[in-house]
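You will see chain A twice below: alongside chain B first, and alongside chain C after that.
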Partner chain A sequence: MTNRGIPSAFLRTTLHNGIGRYVCQLQRLTIKFCKEQKQSRGVRDFIENGLVDFAKNNPSVAVYAQVKRHRSPALVAEYLNGKTHIIPVAEKEAAELLEWLDFLRTRSGEDLIRMRKSQHTFSPSIQGAWTPVTNKQVFPPDFTFPNNELFQAHKFTESATDILQRLARKSTSKTD
Partner chain B sequence: MVTPSTHGVADRINEQISQNSHGRLFAVIYIGGHQFKVTTEDLLLIRTNRRFPDVGDRICIEKVLLVGGKDFTMVGRPLLNNVRVEATVVEKTLSHRKIWFYFIRRKGVKKLKLIQDFLTVIRINSIEVSEVEDDVD
Partner chain C sequence: MHDRRRVLQWATFARSWWIFDANHQCPFQSANRLCLFLEGKHKPIYHPLSDCGDHVIVINTKHIAMPDRFWRAWRHFHHTQYAGGFQVQRAWQVHREDPTKILKKQIYSTLTGNLLRKGLMARLHLFPEEDVPEGMLRNVSNQIRQVMPVPKTLEDYPIEERESFPRVFEWPEEYVVKDGKEFERQKEYLDEDLSLSKLQ
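What follows is the complex of A and B.
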């Protein structure tokens, strides 16, 4: 499938996150698992050993463990923008589960779709947008073309010849 | 035709910096192998790895190539050391699933991979510039 055919979005954050302080976007985390089946074994292991540490390290996240008998386990994350992300974790080890939790914690909850631009700005230009006459020499209305002044080399300082000519011009104007 | 000398330019820039009258600044930073023209409150999407600082961490971007205001622009040779650009890590996520498909017709060769990159979103918080020394001869 081509890139044009898939859904896309522009870069954004919920409620201008990060302009003031950073707010964790993950609000609620539900771990659904079964007490009996083999495919929930890694989840049960994680609930026994790592879940309390995760909840202590992230006090802003409400963590629930929900028993679903004879169903495959899943992580359900709910975000501040109202979106839900479900990750099926059947047959996953506890260590791998922790990585998926870290992924859910650091996300903003926006859909994982193609980004059209890698930058978002509120002020696109500080010095003004470029136009064809930006930084160009402006000629007065009575300026005549072609003009020899335009074809001379740039001089950054006054040369000795220039100084002598200026002095000569000054002296002649005094005598006049 | 005598063009104006560049003497005194640094003094005029320093005057604006000391009085804090330069207004909003912009900078060109180098991060993640790319150059971005940024100003404060910008969002940047960069390709990183998992070892990038955690969300909520404040980072200082040291590779600043250019800084400018309404009336002046300073270009580094190649970097500027009198500019401090600070940013916050806002999000660490994965990209959408990119399809990598390899196919040779009539040969029974068909490979499909779904690739997801690590992405980081940072917010530019501040661009601060200190006074420059006049090294223009």
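What follows is the complex of A and C.
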């Protein structure tokens, strides 16, 4: 697929979330696991040891644990904007699960797609758009171009003639 | 797009016209400066893929000043793609044929070699003297600063300034100063000699 065909978006936040107050966008978390199979062992460990702490620390998130017999385990996160994010966690350790949960908890729920730019603004300029006459000297209509008096090159150093004249002026002023 | 936004877009990308006086200017330094304006690099909206350059009028291209011994040493190459079609011309020969060509070729080679270059060159208007068409001159809204100061000849200084110029010593009254026309006098003398020899 071409790069242009891949869905892309600009960086954005949900309803200025975090300016003033922060609302956790994760609303519901369902942990699906099997009681018997080996690939759910890490999830079972986590449910025994860490799940209650996680639920206590995040009272705004509804946490469910669902037993799915002989199915591979998954974390299903549902967000305030109606989007669902599923992470398969087969053969994952409990410590790694905690990191995935942290990722899901801090997300906005927007689709994870290619960012066109690493920065974006919805108000590009407060001063107004730039034009060729912005901060430029505008000449009156009767001004005639070219004007070589005004646009001659800057003279940064003294020429030999200038130095001679300066020295001569100095010597004459001394004698006077 | 909203009407107001659309007009703002026009204003931002409007092309302005600049004028540059090439009198006693180095064509290499001038090309570097003029390319900034042709490519639009003097604008904050510049992007290499957007065609946001300005028009540039260059006058007095006949009176450019080549540095060092470049009038003799700087070479322009051309090949007609036929066997034996290779040509080399010195800068003074090129300048004699077309007084705008040296600056034009220098700007062409200074511009980035991409698909925009042809369009950018079309926005460059070169004139050997100061006679710019009236309609073109009316578009000009600003001038590009010269790259080097124009040297003043003795005639450019007023007589008072010439008289008051500091001197280490004064020539004696009876001393005969050469008026700098020695070469012309010699030439006249030679011409007379030649004409005499022809008669004989």
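We take it that the second predicted complex is superposed on the first by the 137 of 176 C-alpha atoms of A that agree within 3 Å, B and C clash if a C-alpha of one lies under 4 Å from a C-alpha of the other, contacts with A are read in each partner's own complex, and residues count from 1 in each chain.
We adopt the following convention: a residue touches a chain if its C-beta (ideal position, glycine included) is under 8 Å from a C-beta of that chain, and two chains touch if they have at least 3 such contacts.
Everything numeric here is computed off the predicted structure, so don't read it as measured data.
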For A:Q152, is the partner it touches chain B (first), chain C (second), both, or none of the two (neither)? both
On the A-aligned overlay, A:A129 touches which partner chain: chain B = first, chain C = second, or both, or neither? second
Just chain B (first), just chain C (second), both, or neither: which does A:I86 touch? neither
Once the two complexes are aligned on chain A, which partner has more residues of chain A within touching range, chain B or chain C? B
Which partner does A:H120 reach: the first (chain B), the second (chain C), both, or neither? first
Should A:A95 be classified as contacting the first partner (chain B), the second (chain C), both, or neither? neither
Which partner does A:G18 contact after superposing on A: first (chain B), second (chain C), both, neither? first
With both complexes overlaid on chain A, does A:Q165 touch chain B (first), chain C (second), both or neither? second
Considering only the contact definition stated at the top, list the common interface residues of chain A for chain B and chain C. 152, 154-155
Looking at the complex, which residues from chain B come into contact with chain A? 1-3, 5, 23-26, 34, 36, 38-39, 41-46, 54-56, 68-70, 73, 88-97, 99, 116, 121, 123, 125
Which residues of chain A touch chain C once you look at their complex with the stated criterion? 128-132, 136-139, 145-148, 150-155, 164-165, 168-169, 172
Flag every residue of chain A that touches chain B in the complex, lowest number first. 1, 6, 11-13, 16-19, 22, 24-25, 103, 105-108, 112-115, 117-123, 126-127, 149, 152, 154-158, 162
State the interface residues of chain C toward chain A in the complex, per the touch definition above. 8-9, 11-12, 14, 16, 19, 21, 23, 43-45, 54, 59, 130, 137, 140-150, 165-166
